[in-house]
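Going in written order, the chains are labelled A, B, C, D, E, F and G, and every chain counts its residues from 1.
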Amino acid sequence: MIGLNSVGVLVPSLVGFAFILPLLGKLIKNVKFFHIYAALASLWAAILATYNAYLVFTAGTQVYPFGGWPPPLGIAYELDKLNALLGMVTALVMLAITIYSAWYLKDYEGVAYYYTLLLGLEVGLIGCLYTGDAFNLFVMLEVLSISAYALVGFYRSKPEAVEAAIKYGMFGAVATTLYFVGLVFIYATFGTLNMADLAFKLTFYVYYPVPNPFSGTFFGNPYVASAVALALALWAFTYKSAAFPNHFWLPDAHPEAPTPVSAALSGLVVNVGVYAIVRFLYTIFGPSAFVVQLRDAVLIALLVLGIASGLIGALMMVVQEDIKRLLAYSTISHIGLVLVGVAIGTSSTLNQNSLAYVLGLAGGIYHMVNHTLGKALLFLVSGILIALAGGSRKLDDIGGVGRRYPLVSLALFLGVFQLLGVPPFGGFFSKLLIYSAYMEAGMPYVSLMVILISAISLLGYVKLIYASVFKVGSPKVEQTTKVSLPTAIVLALGIACLVTGLATTYITSMMFDVVGSFATPQGVYDYWQSFFNTLLNLASGVMR
Amino acid sequence: MEANALDQALMVVGTVMIVWGAVSDLIGALGMLRFPNFFVRLHAATVGTIWGAFVPLIGVSLFAAGYEGLGFYRWFMAGGALVTAFLLLLLAPVGSHALARAAYRSRAAEVKPKVVDFLEEFVKKVMGGENDRA
Amino acid sequence: MIEPKLISYLFMAVAGALSLIATYLAVIEKDLVKAVIYSAIQSTAYTILFYLLMAPDIALVYIPVAVGLYPAVVFFLIKKTERFEESG
Amino acid sequence: MRFLKVRNMDINGFLFVFMLSTIMLNLVISLYGVFARPSLIKKIIALTILSDSGNVLAIAVGFRDWPSGWSPSTPPVLNVTSPKASDVVSFARVAVDPLPQALVLTAVVIGLAVMLFLVFLTLQIYRLYGTTDVRKVAKLKG
Amino acid sequence: MERLGKALGVGLVVFIVYVIFSGSASPYDLITGALVAGATGFLTANLTVDKPIKFLQLQRLAWLLTYAVRYFFIDEVKAHVDVMRRILHPRMPINPGIVKVPYEVQSDYAILTIANSITNTPGTVVVDVDPEGKALYVHWIDVKVTEPDKVREEVSKVFEKFARRIFD
Amino acid sequence: MDENVLLNMILYALPVYLLAFLLYVVRAVKGPTIPDMVLAVDALSYDLAAFLAILAVVFKIPILIPVAIVLALWIYALDIYVAKYLESKEMGE
Amino acid sequence: MRLGRYLQAFSLVALAVLLAVALTYKGLGDLPNPAVRDLALWYLYTTLNPEVPNMTVMSPEAVTAIVWDYRGLDTLFETMVFFLAIVGALAIMRGITLNEGGEGLHIERYGLSLITKTATKLLVPLIIGVSASIALHGHLTPGGGFQGGSAAAVAPLLVLVIFSTYYVVFKLRLSELSMISLRTLGLMGIYMTSFATLILGLVIGVNAYIFQNMPKANAFIGLPPALGGSLISGTLFFFNLFEFFAVAAGFTLVFILLSIPEVKAREVLKGEEHGH
């Protein structure tokens, strides 16, 4: 039984690490303590998350019912291969970011608050991924968001940072509130909040309409409810993932945060938005749900939004003068690509060409992971470069710092190749998967768009590499700054990037496996089956 | 359900107080509407809070104490209403006073019409020159 | 003969209308202090709604938060910043 | 009350629907407030109204009609501490849906927390820019 | 030691309020009530009470009861009827002004009692208080006299008499 | 007297309260000054507290009563900080 | 201008009436309905039902039962959101405190009038008593930790507004540190309570779950539902108690932070370096 407990224990146990930290921050003056404390907490999370992923990949979908309540009554964490994998990646990258923070914040006050918020961010991230309950997702999104707002505004005397934080926070609060309103509609009509239960009810709605007290009214109409809920929820999730019309906050917010946090925001937080979209469109309102036309329309809209944000991000990258802002626009571009990948599952594709369906989704998920590694790496490298260049974020001032630190430059190259999609790296294979999916599905113009986006973003990356490595400038290199710890971390991340590419046959088949676990009818059925088994297991023997 | 004489008496008194409260409340509200300025309206508000809220709350308390139909939590209700009533007796005048003083000192509301105003010089003395910031 | 049920629904409707007026005025009003007081009226109306919709728990949590803390916090904020929303 | 019936809805249903419509309009008005008003403080006020309206909507969804004109539906609180089976059954026949109430309890606290944090951020904006008007803030940043 | 006495006094009041508010006297209520009362009393003793001994003098309680009865059945009724008449009268006969009402009691609670009694009777509202000059400034809806001593006769004589007996 | 007769009497008092509330609301919305508005909200809410207690009797649901006390408490707090707002330079002073 | 605004408001109400008429006249069915959803029935049947001893919360209050037992995880993270908001506020206000400078001040001269102050002195213990009652009866009557805690927060708020923040900080000694300590106490209490049954289960080697309260069909342990004949509903009592402390301390902390004079903030912020 200990094995199953690790699924449930991970997120709640991290909460305790965070709860006690502000008091410790008031009592303990030694900064080193906090670095070690936070690293240990992160390590604990990483170990558990890895173990959970191992558990899921060997033993199938895991359900942990909190309080021992059968799922629709209580909350359950439901891990299939998708969220187990993403959870593992998240925890590992967060570990790297936490250790990096120890270098980054070595002489800064407010370290305890910083780590509390960072732990809050980690709790929110993993909680969002693990949860099997739509309302719990709302709560976890808020945990995630509020720590993100606070971290963006962490440099409180920097006007741009505070302004970015309030812009992000104000509209983020609206987005999550609207998601809550969407949930109200869902509950009013379908009478449940558990994702697996919802998936079941939506699939079989045609045969077994769920009776609800408002049947025949505006609130009880399943089509109205689905449309409203899907629209509001997707608006919230595209806000969180910064897809095109809602991308306006990202280029302000991500660069203004402390650099490790920028890495976490750009690499991990946007993933949660995409993950939630995928969960809503493939598990809850899955391919077999009764709202087929609605779902198709939403997916096509997502495809358009994905292409738009891909293009806009790539174009805006080229004109940036600020290294972190450049990377932030690159995030928008890549999220666009991921959305293009996951938007493939319209009913026509599914019916006519299931290969394209699997390829596109696998490519999207694969690219999500690749982007996480590459983007976290690049942001962390940019932190080193900025520190070496005396604190300026301008590409001109950085001019050629990388030349004196070959290991840092190496990491930079690895990250850029990963994002750009140079052949032995993971980014290449994931883009290839998305490309071939749309070729297969008979939409070659989308494939061309993928190539176009990559081509445009090439300019931006070349600019980045040129400015930081090849340009012959006169940077004020601060020789006193010791960079061995962060260099080790970025190199480790770089090796991870390389591994995602070199082991591509293995990883691709794993991705197909992942897609099979959440997006196919069989996968949805398994998801529901494990929920139902848990229910039966817990409810049997009640009336003894 | 046949209640005993004491209970019945409590309920009757309670009902009378509640109805009485309704009438006073209406009159107080009328006063709020008709009176010419803030300071005079304070008196109407007092009518509304003491006879319009305190008395019916006591009435509720008595009614609940005598009404067995309320079941298990009947005394909870009686006690709650009683405590609310007495807190109200303490809070309402203090609130009015604080509001009146603030309105006077910040000159947010004029004391007009008025017959006499003894307060003017005292406030001038206490606040010195900084009275003009309203 | 009035039924209590009708009274209950009547008060719900009145509270709804009241909240609508108060919300509109709160959003439109340029003087932020008045806007806060309008939003306090709106909160009071919502309190009636929660009460009549048989949610005493929510009323108990909503009153401190919306009638008490929101105005307090916003008053603190207005006092430290500025009172009028500029026109235009 | 028969003369007040419209189709199969009586006056009570009309009043309830009216209440729901006002709440919907409140949602719209407060969205306008958040997006269109320039003052950050006004945005915060509108944001609180937005989340409160969502909460009222949730509670209204969990409401159930009175069984008859004289016996109300009750809050989801059992009024005996050691019930028999019949007590529980009769309780479940009249009590409103407790789940939306629990969700709203959570949502209220979350809304409060976010609002508190935004207040501190606004204060910081004012310290740095000397204004809470978003147009001016954007202009000052240049 | 003195703090303990104060805490006992405050705790007693809190305990009574707690039990009345809970509306039952089961062991659970009594135990938690005692704990809450003890903690609250201990925490707020120095804030709330000056002289703990006053809680134990029963004649003060008797005076309080007498005062309550007299206040609710005579003073309040007179004042309410008067103000209601003014509200409903078509011409609204008001004659408002702010007058000075001196007082002679010592303790803060006595002042509070007088001020609250004055404010709770419609027709008179305490606008300001001058602790050094020992005077209340009262907004009076119908100013009959203006000299402070005569005003005192009209407005606060009774309240002051009882307040002194209860608190001083 | 039968309890139903008494309950009926209370029932007929309720619309009177409604009327009073509407009048208070008119004053609260109209102003003209801030203390006026607050005073009206204040009186409205105290009466509302009493009214909610009465409704609890009419509905025969005693557990609704704590709402009244909390409402009264917080409306008092609203009074106090409006007063403080008007009177002082900073809220903390 | 003002009149026009009222007219607009009333036309909005008229719009709502029209909307309602339209919705009603279309015959959208019975709204509201005297029926309730199936899931709700499950909650109502099992919240206090001694006849199904391994599927009940043993609390007559279904809302508190859902908040702290059926969906306890939500509430833990809701507490965390509130906690993070306060930490965020603390991070913004870091270094800005009111620690010194209390010697030369005439604290008595700040604040509102004598009457208000005296009333507050009397009020504070009463408020704490009443709100403690709301919190500690959370599993029996409407109310609970958050409700009680936020009502209790009126007391320090009133003292702060009526007496002045100097009085709170220098006379009553309610500093940031003490509030953070009290808050951490409450939060850790909540945390420990949520793991209590799991740890108990691990110790005696029985299956148990996080947030478990009463015994379940496949996890036979739980906390006692009643003590000495009075219901305490297992973990619910402890959750309410600790949440009461956490919330009251949290609000007090927020208001202490908000009431720090702006001069202090400007002193600290002037010329502060920031990172990149």
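We take it that contacts are C-beta pairs under 8 Å (C-beta built on N, C-alpha and C of every residue); 3 or more make two chains touch, one makes a residue touch a chain.
These figures come from a predicted structure and were not determined experimentally.
Steps from chain E to chain G, taking the shortest chain of touch contacts, total 1.
Here B-F and C-F were compared by C-beta pairs in contact; the pair with more is B-F.
Comparing the CA-atom centres of all chains against that of chain A, the greatest distance is found for E. Rounded to whole angstrom, the centroid-to-centroid distance between chain C and chain E, based on C-alpha atoms, equals 32 Å. Between chain C and chain D, the centres computed from C-alpha atoms are 11 Å apart. Rounded to a whole number, the gap between the C-alpha centres of chain A and chain B is 56 angstrom. Chain E has residues 17, 21-22, 115-116, 126, 128 in contact with two or more other chains. Contact of a single residue of chain F with at least two other chains is seen at positions 14, 21, 29, 34, 38, 59-64, 66-67, 69-70, 73-75, 77, 80-85, 87, 90-91. Multi-chain contact residues of chain A (touching two or more other chains) are listed as 135, 139, 142, 146, 149-150, 153, 156-157, 213-214, 219. Chain contact summary for the complex, chain G toward chain D: residues 12-13, 15-17, 19-21, 23-25, 27-37, 39-41, 43-45, 47-51, 60-63, 65-67, 70-71, 74-75, 78-79, 81-82, 84-86, 88-89, 92-93, 140-142, 146, 231, 254, 257-258, 262, 265-266, 269. Residues 5, 8-10, 12-13, 16, 61, 63-64, 134, 142-144, 146-147, 150-151, 153-154, 157, 161, 251, 254-255, 258-259, 262 of chain G are the ones that touch chain C when the two sit in their complex.
Across the complex, chain G is touched by residues 10, 13-15, 17-18, 21-22, 26-28, 32-33, 36-37, 40-41, 43-44, 47-48, 108-109, 111-112, 115-116, 126, 128-129, 131 of chain E.
Listing the residues of chain F that touch chain D in their complex gives 59-64.
Per the touch definition, chain B reaches chain E in the complex via residues 24, 27-28, 30-31, 34-36, 39-40, 42-44, 46-47, 50-51, 73-80, 82-83, 89-90, 92-94, 96-97, 100-101, 104-105, 111, 113-119, 122-123.
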